[in-house]
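The next block holds one structure in the form of structure tokens; read it before the comments.
Each chain carries a letter (A, B and C) given by its place in the written order, and its residues are counted from 1.
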Amino acid sequence: MVPVASVDFTSQLLQYFANGVAKGSTYALMAVGYTLVYGVLQLINFAHAEVYMLGSHFAYYQAKWGGYLPDEPGAKPESVPILLVGAFIAIAMLACAAVGMLIERVAYRPLRNAGRLAPLITAIGVSLFLQYGGQVVFGTEPKLFPTFVETEVFEIGSVKIPNTNLLIVVTTFVLMLGLTLFVSKTRPGAAMRACSHDMRTAKLMGINVNATISLTFAIGSALAAVAGVLVAMDQPAITPLMGVRIGLKAFVAAVVGGIGSIPGAALGGLVLGVSESVVGGLWDTNYAEAVAFVFLIVVLLLKPSGLLGKATREKV
Amino acid sequence: MAKTVGLLLAGLVACYGLNWFLAEFIEVVYVDYLNLIGIAIVLAVGLNVINGLTGQFSLGHAGFMAIGAFVAGLVSIQLTYGEMSSGPLELAGLGTFLLSLLLAGLAAAVLGVVVGAPALRLKGDYLAIATLGFAEITRILLTAQDSLGGPTGIKRIPKMPLLPGTGAWDGGTSVFWIFLVVFTIVLFSARLQRSTYGRALIAIRENELAAETMGVRAARMKVMAFVYGAFFAGIAGGLYAHYQHSVRPDDFTSIRSIEVVVMLVLGGLGSITGAVLGAVAVTLVPQLLRPLEEQLQVNGLSMVVYALLLILMMIFRPQGIFGQRELSLKLFRRILPGGRK
Amino acid sequence: MRYALTLLIALTALFSASLTGCKDKGNDAGGGGADEIRVGVFLSLSGANADFGKTTKNGIDLAVEEINEAGGINGKKLVIIAKDTRSKPEEAQTVAKQLASQDKVAVAIGSVESGQSIKAAPVFQEAGIPMVSPSSTNPDVTKQGDRIFRVCYLDDFQGQACAAFAYKDLGFRKAALIYAQDDDYSKGLAQYFREAFKGMGGSIVEEAPFQGDVSEFKDQVSKIAAAGPDVIFAPVYYAKIGLIARDFRKQGVTVPLVGGDGWESPQLIQLAGETLEGSYFGYHYDPDDQDAKVQGYLKAYSAKFGSDPNSLSALGYDAVYAVKLAIELGGGSSADQITEGLRKIKDFKGVTGTFSIDENRNAKKSITMLKIGGSNLSKVKVIKPEDLK
């Protein structure tokens, strides 16, 4: 039974490509958080996914308290004015930055000299704490995310791209560009690079290592907040466990791209998103989930340091 | 050799005694906790050889367990009922049961080679994420197999065989079988740790290059460590299948792999005693906190408290409960007054 | 070397010392004292599916409160002992053991997720305690033993009913499927729909399953859009269908979606916006039914919990009343008597319809197809089990 395709192969492929780019952009935005922290501390910050969850919830509660969600079920939520959207996102970013710094201060800093695995376990602890704490505080039912932008769909040929997806791609691109400039051109950025290169020497050179690490967490967490809000705008139902899956994917993307490298995170996210969409679409959506991991293993075996990662040679 | 056989026999008797004692005097609920702890110990002590001794950070233990569970389940279903069917549970024959566990272990060991060999190229967190990838692929492929029940998995896995002298009481003979395996793996791992092989593994962990210079065949040893851990994880999966009577692919998510790592680090990486204690703590704490959340009527609270305990524990004792030390009779002798120093 | 043995001894000692509860021999699963009947409840009260468990629990609590206020059953009060399965099937088995051996319940109610019910069933079966699942629709659940019952219809019937409705009543011939590959409920419904729809002469033009807790369905939607179906069967839960429907409309697919009882929730229309207008789903009862029992239940529920009930609450509510009827029919509140009573249930009038328990311990009941309007649901058709024969 061969389905009669109403759309030709090329435009179908382009559609999957467009889907994948949008999906990959969110992976990339999240992957940056993992990669920044890993670059500086060599720590997989499992709690990053929960910061993403908090980001969308912070924005949700602001809009709710601002009266932009209807009380009775069934009523359509009115859209939030664009200036307020900006304010809500900015506040969510600040709040998440604070949460990120707090997590680092409480759970990671006391363990900075305790080897690699102890902070990993506290990271898992923080992640569980926020997941279950979120369920206790926010409730477990999915919540309708307020309308930050009215959905509009652009058609290019037969390829359909919703404005929310476009927004994700553009925002991610701008933020990644900004971040790259920040890291390469500013003094705090130089401090971050120095810390990631050799923390002890950086300290000797007079760099405030603690402040730099806090800054790293703040930036990563703020970007996670943006990702949380952007995804919630496209997929407007949020839950306390929404970070788990995307967190894992984003971490895989960071590793595929070469952990520690910002362009690597962007590339890894995009490659992962596009390959998931194209393989799922053209072959079987059933296996789309496995694609990410197969890809991961292949990349790691061919180039253990990731696509754009620097190979480290062991000193004898 | 004779000593090992003697110890194994002693373990056999001890497990039988334990089973009898629990059957006579202890409520099924606690026996259930004990069984879950036993399975966790097998996983943790096995992973300790990969992660604690050899220093290969693996996040894929659930994958080995999954393969073991499905193989053991299928083998005993096939040999007991002849096909997948529904109806009351039956007892597995002794031969069927042991064969199913052996095949479970072997199947997982094969996967151990498949994972361990390519993993030679990888180190640290890269290795961790690659092994996690293997385990996830295993789970996703299992879910897609309609012949294996798809998402619901396989059901009606026979009960563990009875022993002479024990009635068919609520908990059956699960304690005997599970703790016999626990005893075996603890014994073997303790021996391994102090053998030439164990020293070689530790040498690889401390400095692979130096170890190779000393004549340790690092690549082969590293794969062997994977095979060892995977074999026992497969058996743990087999025990789990017979104990739960049904297995689903999503019993073996990455969360379980992470849990086993938590057990290791919490107890003290590299220490068998630590792995055992970690397994006890991680299994028991969420259950013992149940009354708290039921009293306060806040669902999910026990997991919040569990997470907090985990964080505090690591901050105040980052090397784990036992560090790299082991609990042994010698230690008791040292603590006891008048003991030999 | 010796410490392996030491360890085992130490561990045993530790446990023996810490175990407070010794085995209470000779006490069969009688279910409490003279004036109470202990009912065990195991549901996901935390974790990914906590919402299912909590709404079911509300229905159960409401029914128990009503029964106890009316003087209980033969003078005995119902006592609920609720355990949280944390949305994990294996925890369901652990808490089932707690309910069976520690709390010594006379009857158990649970769970929503078929995976949990399948793991818990052997425990209750072995302990001789009847188990009533309020809403596990997977056919395998009641096959786990002759003390395992349910008060909902099965996936096979539901899938066939939806297929018949889409083919015969709506007149569609080309269907596409989107479902969760790793969810028993979703996959089961898709399978029965596929078989029935093809059997009637229709064709399945595309299938796009997904795995995991995903929230975006762009690729599945693109794939289905390319195949050009005239109806889409989407047997998923309400938390997902809103997102799925939104993604379909974004890519310009406007054909109706059809789904099962998992769609139902007071939040359904809110989460989907207007994207589900003109779609259909099968449900246990008609919320606009003017039947006094249904209306009374709806009023009592909103008065107690301040929100509208969903299908899971109603099934939990009916499960308790089915147990009550079983106690009356079986002539007592022991586990055996309740099991006997459950087998005898005929033409029980519950909120979710009138049903009998058949020889396979499943409820035989009809399904109501509802159409989604702007902000309300309307009854389109009632399909009875005998209609499909």
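In this text, a contact is a pair of C-beta atoms (placed from the backbone, for glycine too) under 8 Å apart; a residue touches a chain by one contact, two chains touch by 3 or more.
This one's a predicted model, so the numbers in the text were calculated from it and none came from an experiment.
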Chain contact graph, described as a line, ring, star, complete graph or other shape: complete
Chain pair with more C-beta contacts, A-B versus B-C: B-C
Intercentroid distance (Cα basis), chain C paired with chain A, Å: 35
Length of the line joining the C-alpha centres of chain A and chain B, rounded to whole Å: 34
Residue list for chain B, restricted to those that touch at least two other chains: 140, 144, 299-300, 303
For chain C, residues that touch 2 or more chains besides their own: 46-47, 50, 54, 181, 211
Per-residue overlap in chain A, given as positions that touch at least 2 other chains: 132, 135, 286, 289
Chain C - residues contacting chain A, complex: 46-48, 50-51, 54, 181, 203-206, 208-216, 218-220, 222-223, 225-228, 239, 242-243, 246, 250-252, 266-267, 269-271, 273-274, 308, 375-376
Complex contacts: residues of chain A adjacent to chain B: 38, 42, 44, 106-107, 110-111, 114-122, 124-129, 131-133, 135-136, 248, 251-252, 255, 259, 286-287, 289-290, 293-294, 296-297, 300-301, 304-305, 314, 316
Touch list for chain B against partner chain C, complex: 3, 7, 10-11, 14, 18, 21, 24-30, 32, 34, 36, 86-89, 140, 143-144, 150-152, 155-156, 170, 179, 182-183, 186-187, 190-191, 194, 244-246, 248-251, 272-273, 276, 280, 287, 290, 293-294, 299-300, 303, 326-330, 332
Of chain A, residues touching chain C in the complex: 1, 3-7, 12, 15-16, 19-20, 22-23, 70, 73-76, 132, 135, 140-142, 144, 151, 153, 160, 162, 165, 231, 234-237, 239, 241-242, 244-245, 276-277, 280-281, 285-286, 288-289
Touching residues on chain C, where the partner in the complex is chain B: 1-12, 15-16, 19, 21-24, 45-47, 50, 54, 82-84, 86, 89-90, 93-94, 97-98, 100-102, 114-115, 118-119, 122, 125-127, 138, 140, 143-146, 181-184, 187, 211
